[in-house]
């Protein structure tokens, strides 16, 4: 194969591998994309059929299902900002744990100065 | 009680000791005769030895006597890693163990004359050597993926699967770096291992390099042990994602593109979340069986999490288990940078290639998002900034996207959308690693 | 040994092993049964002697000691039924733990959608 | 955005790909010439190779190309295990890891021409192979017993030691299955390992089969590696205890027997609970030293729990430690069912024998309770349903007893009483395993 | 070397090692002592300079910094005595954890008698 | 339902069984002919064997038949350890696992005629043997040091660094014991390993003995495996610190000295606490590289703790990880005391030397405090009781100091001050271990 001018043999082989590889990575995720989109469709239609059989389909509009997504996004954002602010909190729990005390030399109280961390 | 002057004096003395060593001892003649004499002293019973001689003998074992410039450089690097982690909060869970590991791996010790005190990571019988097996044999990375699986929420990806493609696009970094490494003279397996730096995924990089560039003979070719440089490069750049990515993202996008708003992701049912890891496990590993150790474990962990009936196993996988493995992995990867092995021109090349691969990967993700927009209708367009998250480096690159997005529209939260390419980038680079193994082993 | 008509040799040997084995398993648990019954007796009589020495034996009738067992059984049952009903509760704790956040790629906030599990 | 039709098309394509493979490729001729040509392609430097050829070459590595019918069957089995665990809550902590393990172990990969990509559990150097050592060398089961000991409360057994005998009686299942296996043509050590399925105790079954049927030469006899089938059979039937036991219990008991009420167990002192594991450890292992690895660890764990001064160790043993080992054990036991090794007529025989052994064991427990009643006075009679708990399968069989008992007298709680034979069944089968080792190794 | 009368050779060698070793242990800790005293000095002077630049040095007297140590000691002592008294408390948490239930034979409720520990 | 008489009868029978064994079976003739006949029975197919013969054969495998007096003695020792731990709360986290390990390691099993049932800790293929590797290869102790580092607070040491010297002074116990062991006829490496008992530090003792007295050839000298005796001696005396130290402390101090009040330690800044482990790691291992496995891990753990950004890793290191290792270490160290290996005159010598070393170490610490006082002004004097804490045995010896101090002045809390020599004693003995390795390996 002579993609580039005078490519050395090993580089030619490398280019083949690179192109093939990239195509396959795409293939893998494209197939996963199609399959999972299909799975979701099937699950959704099954749910709808189920609701329909129970005569409750009119109660839930497609929109509502999607709206719940928006709400969840909002909550996620709130959580995100919250954790950004309070990232250090976990440390407090740690202190208590340490007071559970252990040393391989002895198993009794240890680290009694942990409080001033 | 103790003057500052005195303190400086002490530092001075230590400095002088160290310098003396470099000046007088390390110049050519020292290594062999000195080393031999010590061995002789030990093996035959000395009939008269004064404490002063004992002290001198001991001095020959100390770090002051055995330090090379390389050790000091690497210790400085280790200190810098620790500094970055504490000061800027860059990937502390990795940089602290790796940084400390670098220091530990570069404490100089006596090894002339074939004497093995079982201290160095490359010395048989040392603790570090035993713990290093988990890296060398590729055992730690799959266990880390197990824990990651048990803490990863694939909802964002399930709710908008087309964003997965961005995670595929960004893997171009891997393959171009692979070609670059070939071009620079690395052999096939080595180049494959170096390429994976572009995957922006530490465990994957360590796993693949332990298979392809472990110092053994791979597919008929003698490889060098490049696990250390590759791992350090991968983690360094992952830590620097907030520095590397923004300029590229800005360069490749227009102002109008950067403010594109995307529809919030739909809610995902429990059943979908259970089915996803199972389907993904079977599909991806059928396509790239080489990814089995990584993706098998990743999705196994996710099944533990999402099945809803194995909470305690998922809990342990994402807490004790991953922590223990992270500690050991970080420590030994750090220690594997022992100066005489690490400080080579190869390592520098690897670092250069690594930087390029991150840049290419980011560009790949962003450009592919723009490409996809050509086929998408108005309301469904993708904000191309989100493409940058396809490199993985979870979740830092997703946060970079969020931060950048907010700069141009302070109410446009892109984080949720960026999570999808982010995790699919992990899948993508594991698939790529599997492909490399198939072709090159 | 010819327990069965014309048993092949290896089966005869197997039968020996099976019978011996079953007898020994019984022996092990029978001995454990006797020994532990004895241990309990000794401990109980020691306790009684102890109480007697303190002159409080009349206060506690044998029945009472056994009744406490009944009570404990009742509590056990309550607990049993309770856990059957509320088996899923542990999940809630898990969510909090996850927010302790970790990824090997980065150590900051992650999994911010955990809330809609 | 995406039609159902399209989805079905995709599935269709995948199905066609898979079928094509079976139709054209797998018929005799493919295996060797194809395999060799790939190897040649790799070892010599190819001077011109187009991406299409590369794709074809890659296809030969995929699961689609290498799948055998057996793999697909086993993957279906794995999916079924996961389904059972999630849907019916049958032993999820075991069936989820084992089920996922079965899937992972049956992802097809390329291994023609002696090429080792280090993916399969039986390939040297693969992660699964390393983790499988814990099964193969019998290391995981004792660690699980340590954790079990740290979570087991022996009070019910201490307060009514005569119920222990039921746990002994039910072990008849082990010895009859052993004879059945001999009769069906398995050799001595193999038969011993198969017999232990009747102990209804996963770790014990894995431990004994790792010693007696591990593919090595045991006591002069070449054995097959039956760890996989034995473990899967044991866990399958343990999961199905709520289905298997009730009919047998009803068959062997009269209505009057099923409503026998038993005296509530007495309270047990702290001191008794401390002394019990120590005494039991010494006694049982003096009688059956072969049970030392299992019972030593079980009672060690219980000492950690009951001593009252080692709470943190007991805590770790029954949480992180047992979870980590359970994950690794389940995964590797599952993966060890790789189709070409697992799908044999032997495995089917083992499953048949296993079913019989559970039935015999249950019957043994129930009948012995009735036998004991012959010697017991009115108020002290044992409800023979309780005997069924002697098979162990902790605590499912005890719960089956409780449920059955409530059917005939809705205020007769048998659970507390059933716990005693339940845990003594564990001791009994470990003792039996020790005896098998003494006689057969 | 003849430190002791007629010491056998290996003992003489041993004495050398012992003396050298002890000296080095001291050396190690002495150096650590000096270095760390120096480090503390430097850090303190840096802090002072920092405070001075902000014009707040007068607010904090050296004494106060040291007093905080006394306070911390008092708290430590209190904690110490407290843990001595309440060492068993951790046990209570354990019980809850156990009810999270697991057995390798089955994953459902187990150990329902844990309450009477 | 069951008479006390009956109980005694049962015990009687067991006792008679055991005695019969010692009386008739163990006198010379039994070992070989009996052993061989069993082997023969197994290897050739027996054509008629009655259950009674089977029972007899089984009896030959039981502990009753194979017990030696040594086993019973050691089991009694194990029971005593457990008793001490529960009754007096002496080091329960260590004495319970070690005590149970001693029992498990001394359950007698059949091993005549070279038959390996894979039960004993010294038999290849047994679980205990696999777990023992962590001791034999010196892997467990560094992991324990990691956990210790993650739970140790060096504040007291930072705030008053001169108290560190007391931790150095107490190491005199190590070197004098080393000389004593040499004098008593142990060879160089063995004597080094025995000396370390004076360090009052279990993991250090196990680590050094695994390097210097592991039964291999060290520096040209054949050593015995003394890991068991050294570890047991070290832990026994550490448990007995509250008994051993007070008399010596009283003997060497005057009433006036015992009531010396010390200035409360100053508050320590976060930055100092971060810098300390880093500086200490580099300095101490430069001076004594042999201490790297221990001190590297200790300070690594402390960096995880103090960096403030790796809380979850520090948490796991000081909880699950150290607990798991403690369980395995204690169990296997205990089990390594199998009577035939352990009950030798050597072990007795080691115990005598160990006792002396603790006494010398305590005296060394106290005397050095008095020596330092010669150079210190009134307000800065050290209460010499504090010197006793220099032996390490953290934190028991510090608590002994506190308790003793309160006896003479009920408001003089010495605990905070004693913590400094206490932890520096750990550093000191690890440095000493490193020196021993440099000189003797």
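For this structure, a couple of remarks:
A, B, C, D, E and F are the chain letters, set down in written order, and residue numbers restart from 1 in every chain.
Here is the rule we go by: a contact is a pair of C-beta atoms (placed from the backbone, for glycine too) under 8 Å apart; a residue touches a chain by one contact, two chains touch by 3 or more.
The structure presented is a predicted model; accordingly, all values stated were derived computationally and were not measured.
Set side by side, the interfaces A-D and A-B show unequal numbers of C-beta pairs in contact, with more at A-B. Mostly differing positions are employed by chain B and chain D in their mutual contact, as under half of the interface residue numbers are shared between these two copies.
Look at the CA centroids: the one farthest from the centroid of chain F belongs to A.
Chain centres here are means of the Cα atoms, and by that rule the chain farthest away from chain C is B. Note: centroid distance chain A to chain C, computed from Cα atoms, is 39 Å.
Per-chain CA centroids place chain C at a distance of 20 Å from chain D. Between chain B and chain E the centroid-to-centroid distance comes to 32 Å (mean Cα coordinates, whole Å). Those residues of chain D in touch with two or more other chains are numbered 57-58, 89, 92-93, 267, 287-288, 308-310, 312, 315, 319-320, 323, 326, 415-416, 435, 439. Residue numbers of chain E whose C-beta contacts span two or more other chains: 10, 13, 17, 19-20, 24, 31, 35, 37, 39, 72, 76, 80, 90, 100, 102, 107-109, 112-113, 116. Interface residues of chain C, counted against chain F in their complex, comprise 1-2, 9-10, 12-13, 16-17, 19-20, 23-24, 31, 34-35, 37-39, 41-42, 45, 100, 102, 107. In the complex of the two chains, the chain B residues touching chain D come out as 137-139, 142, 146, 211, 219-220, 274, 278, 281-282, 285-290, 292-293, 296-297, 299-300, 303-304, 307-310, 312-313, 315-317, 319-321, 380, 435, 437-439, 441. Those residues of chain C that touch chain D in the shared complex are 10-11, 13-15, 17-22, 24-33, 35-37, 39-40, 43, 47, 65-66, 68-70, 72-73, 76-77, 80. Contact residues of chain F toward chain D in the complex are 1, 42-43, 57-58, 61-64, 66-67, 75, 79, 82, 85-86, 89, 92-93, 96-97, 100-101, 103-104, 107-110, 115, 117-119, 125-128, 130-131, 319-320, 323-324, 326-327, 331. Within the complex, the chain D residues that touch chain C are 158-159, 161-162, 164-165, 167-169, 171-172, 174-176, 178-179, 182-183, 188, 191, 264-267, 269, 271-272, 275-276, 279-280, 283-284, 287-288, 413, 415-416, 424, 427-428, 431-432, 435-436, 439-440.
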